[in-house]
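Following are the structures in question.
Across the two complexes that follow, subunit A remains constant while its partner is subunit B and subsequently subunit C.
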Partner chain A sequence: MAGYALKRLMTEYKELTTRPPEGIIAAPIDEDNFFEWECLITGPEETCFANGVFPARITFPQDYPLSPPKMRFTCGIFHPNIYPDGRVCISILHAPGDDPTGYESSNERWSPVQSIEKILLSVVSMLAEPNDESPANVNAAKMWREDRAQFEKTADALVRKTLCLPASEV
Partner chain B sequence: MNRGNPQALRHPQVPLGIANIIGRSTFPSVEGYLALSLCVAVIASASVFTQFHSQPEIKRLLEEELRNNTKLTTAFGINIDTIAGSTVFQMAHYILTDTTLIWVAINSYFAILAMCTKLIIKLTFKELSRQEEVAARQAFLSYILLTIVYLSVVTGPQKGHRVMPWMIWGGVCGFLSHLQFVTCQRLKYTSPSCDRGSQRVSFISLFLFFVSIAMTFMVSRFQQHLEWQPAVLLYFDCLLAVFRSTYILFRCISSSRVFSFNPDSVRHFNYWLELATNFACELLQFLSYAQLFVFAPGLNLTSIFFLYHMKLTYNCMREQLGRHRTHKKIFEHIESAYPSVKAANSDDRCIVCWELLGTSRRLPCSHQFHDWCLMWWLAQDSSCPTCRYVIPSPQEEASRPDSGNGNTMFRFNGRTFGFFTLPSFTVEVGSSFGNIFGRAAEPTQEQLQSMLETVLEMFPQMSPETILADLRQSGSAQSTIENILEGRMGLNASLMPGVLDEDLSDDTDNELEYEEHVEVVQEPDSTRQRTWTKLSSSSGEEELSYYEIQRAKMIETYRRKYLASDKAADLRAMGITE
Partner chain C sequence: MVNDALENQPTTAGIVTTTEDELILQDQQMKRIEDEQKASPLVGEKMPCATLVALYDQETAPAFFEKANELAKVYSHIRFIRGDGNCFIRAIQVGLVEILLNDKERLVKFIASSKEWTERLVKLGFPDWTCTDFCEFFIEFIEKVRDGVHQREDVFRIFNDDNTANYLLMFFRLITSGYLKEHAAEYEPFLDEGMSLAQYCETEIEAMWKESDHLGIIALVRALNIRIRIEYMDRNAAPNGGTHHNLPDGHDNATFTPDITLLYRPGHYDLIYKAPLAETSKPALPTVA
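For the complex of A and B:
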């Protein structure tokens, strides 16, 4: 498989630049390394993350698209399905072989049919609808379930931070 | 985790005292060696020149000695007077008769070869990535070790004049194999689609091919002067070089754009080419080690060394065959179970590699894939990538061809390891031929640690735990590195948090790839593309990438949106608007 990952990543990059999807930017960090990408996704409208611009990094394995990439937010996002260190826990990013939570059926796992754009769109919808059944961040899941107002306040503080706006005083 | 701290990684604590000096000195490094040998060579040649100038009687003496040397006339067939009279020959004779100067000359020869290698690599590939560099260094060091042992066996208790031709030969072989190694790595792990880069690569592959052919020719010319044992060894070296060069040449041809319309045939060709070359090379190496082992003067330490290498090459061969067998099984299954059909639309693309489908396999769910794309996927999953339609897996043992390798099977014979049960053929082979060599012990903690360091040097972004786990299975740093490169560790590879910011360079000819890419994106006149191209072509410190421009725009847009929303009431009250 070696060697073909790069070709596909380059094709995907071309697609993303010629037909950029709404509210998503993704590009290799360094032109010399197509296996390490930086991306920005915007919070879905009508949610507490609305209008936030969240940066993340995607790391591709050498045998992409057979194995899924890894995604990690770099803005300290507080969300039930994102580990405190920023790693995204989403079923389509799990390889068919492993099942860390035991909750997913293999239908939801990684497949080469996924692409960078599809991953990012899934992450956007994950921001809108957290899945608190198998939380990556237990505190966030708890707050999401029990104290929605506080959760929304935390999210709003982050949105302001990513937009370089002063924090709310309330 | 302390390891995850990027600050600590970037500025490792400076050791104090002697350790500091040793750690910081340029030795042992190739650059340091080159500088030192150049210095020595310059001093030595200067002293030779001054001696020739200040003492004319040396010249006369040498001339006489040369005249009395009958071997020279037979070897060169030129008039003895011309030889004896020429200063060059006199100097050569002077150097050859002086023990110190011989070693200086040999050393300078190695230094010049090393510089040539560096220069050629620099010209062909520009910068080597970190992984390539480390891999090349490892290969180089093991080559040196091997050559030293080899020399000690071949020359035995002989005098210096017997060692010298072998050293010269070893230098040429090392030069060739180093270049071949680097080129192979490049061709193997890089997407084969750049015109300007491939021109240089094809040039170097032609060069390598001709040099190795020339070596073979030379050996056949000098064959009658040699005994059969060294001659066979020389032929092994030549054949090895020819095989590798041919591989590089063919690989270069197959990756040219001419064949890109049919990715499947190219992959098929590459697969067989690689299998055949690897197997042939390993067989040759095995034979040459076996010969050295059998004909070594008595049983000594070097015999153990050769036995060890015989075992390694044998393991490699078996591993390769095992991998091939599983691949073949899946492939046969694909060929027998799914029809090869032409794509409905000529511009339909394969979902795995995003290249044009052409004639390809159709699954029962009517989704189409390239043969090889399907094979790679079926090697790890048994459902259609598009719709998850469950397709009957070829065979239980063939379902995960790459999850283990020969070394593992050798050691953990017949056991269930992790989530996979070892294929049954391990037991078969292990019980017959494997017993001759015995089973290697599991690597000790220190060995593991040193191997871990080697791998970490190449892949600083991998977590040490993952690497250790794989090392325990593979038992060799080389197999683990291969596992990582081929993506066999992709499932478990967890990244160390914090190291992500580190630039992890990859073994790709990306600069050129990128140029080609810009070209492609330039096509139609959309404003976005034009801005990007303009910006990426303009040079200067404030150059912004496509990503940075888009990011600035995006933040701007969404900040405006946010300020207009209900949530920003307090900000508006503070007077912050846009």
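For the complex of A and C:
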């Protein structure tokens, strides 16, 4: 069962441990189950998410990498491209044709030669540059567009929470 | 080289017909294909062409019934392929490996060219190990065929195992994409405006369960350096209005000897075979001179 998928996930794990991308840690939660991963993503510098460390789960299908994995933040992150329940909604996590948000065709899609690393790097870019054209969280998109100061305040509160720091006094 | 008429052939999404009867026929066809996708194996057993004839009713589907009978005069067997969007590529992969099972010399050459393809893909800038991983997986499989580790029955068991077959198929998707990228100047003009060849390859060729269109078909045929014939069940679908189409183009129809023959029914490909030349249980497919 799932021979290729398992082998591929083990290779990806090895790649990610030997050559980890900056600010990202990802690993299977349990070495007996390579289809469920946990990762920590550092908020990109010079953004309102800077310094935060955001935990997320990645769930792989049995036919990975033919089908893409799913990713969900577990820290209540408020962001235009993340559903209120934490599910990440970016184009690379969708196969072409499977199109819940009507992305433009120029966005990178899932294909079996993509990798976990590519997904995580896309997620970091998404944190830095929200796409408010096709939001997963309409309130977050609206605030990002209309009240940037409030959006940044909300992000800052989350950053502090992920670092176990007291809330900002401002 | 890419025929204009071929570009207009119907796909699953678009139906190109005139009369209501034909529309009903195609609806039935699509329904049948959907049912088939859920119920049938990835690669069926080789069946007598009478199986194809039996699918059509002389009263309700006279055109297809007649065509099926015509085909049954020329072809002896059919192998149904699951209609899951991969059918063209799967049919080619199965058809080719069937030839290679009986032609050691060609098998050895094919392995060498598969290894060359791995290097060509890397040179084209395909993501390093995620791409070569698929190449190595396929080469390992085909080398086991060469070494007799995989006998004929093993090959067909593997082709019917979802956990393996679809990963083997990815190699053919990648070389199709690679061939298009190597000949970008030639093929890019055929794409819809605003779409780059790289995007097309990523979303239409490299992604699983995406049906092959004319570019995907010609690129795979050229990447593998094979000759194929496509027989059309529906005369409207054939380029030049004929009953079949040979690829690559530019060969004399009379002397063209296909390695693999496919039957095209709206939105779907299956493998068809001529009667064995000699009395043998093995398929006596002609090989390229």
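The definition used in the following text is that the second predicted complex is superposed on the first by the 164 of 170 C-alpha atoms of A that agree within 3 Å, B and C clash if a C-alpha of one lies under 4 Å from a C-alpha of the other, contacts with A are read in each partner's own complex, and residues count from 1 in each chain.
In this text, a residue touches a chain if its C-beta (ideal position, glycine included) is under 8 Å from a C-beta of that chain, and two chains touch if they have at least 3 such contacts.
Source: prediction; values computed, not measured.
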item	value
Joint occupancy of subunit A by subunit B and subunit C, clash or fit	clash
Partner chain(s) touched by A:72 [first = subunit B, second = subunit C, both, neither]	first
Which superposed partner A:149 touches (first subunit B, second subunit C, both, neither)	neither
Contact breadth on subunit A, by residue count: subunit C or subunit B	B
First (subunit B), second (subunit C), both or neither touched by A:4	both
Contacts of A:42 with subunit B and subunit C, given as first, second, both or neither	first
Subunit B versus subunit C as contact partner of A:111, first or second or both or neither	both
Set intersection of subunit A contacts, subunit C complex versus subunit B complex	1-5, 8, 11, 62-63, 65-67, 95-97, 106, 111-113
Complex interface listing, subunit B residues touching subunit A	188-193, 351-355, 373, 376-377, 380-381, 383, 385-386, 388, 419, 461, 484-488, 490-495, 497, 500, 503-506, 508, 510-511, 513-514, 517, 520-521, 526, 528-529, 532, 545-547, 550-551, 554-555, 558-559, 561-563, 565, 567-568, 570-571, 574, 576
Interface residues, subunit A side, partner subunit C - complex	1-5, 8, 11, 15, 62-63, 65-67, 95-97, 105-106, 108-115, 118
Residue ranges of subunit A touching subunit B (in the complex, touch as defined)	1-8, 10-14, 17-18, 20, 23, 25, 27, 30-36, 38, 40, 42, 50-53, 57, 59, 61-67, 70, 72, 74, 85-87, 95-98, 106-107, 111-113, 156, 159-160, 162-166, 168-170
Residues of subunit C that touch subunit A when the two form their complex	126-127, 129-131, 133-134, 137, 162-164, 166-167, 170, 174, 194-195, 199, 202-204, 206-210
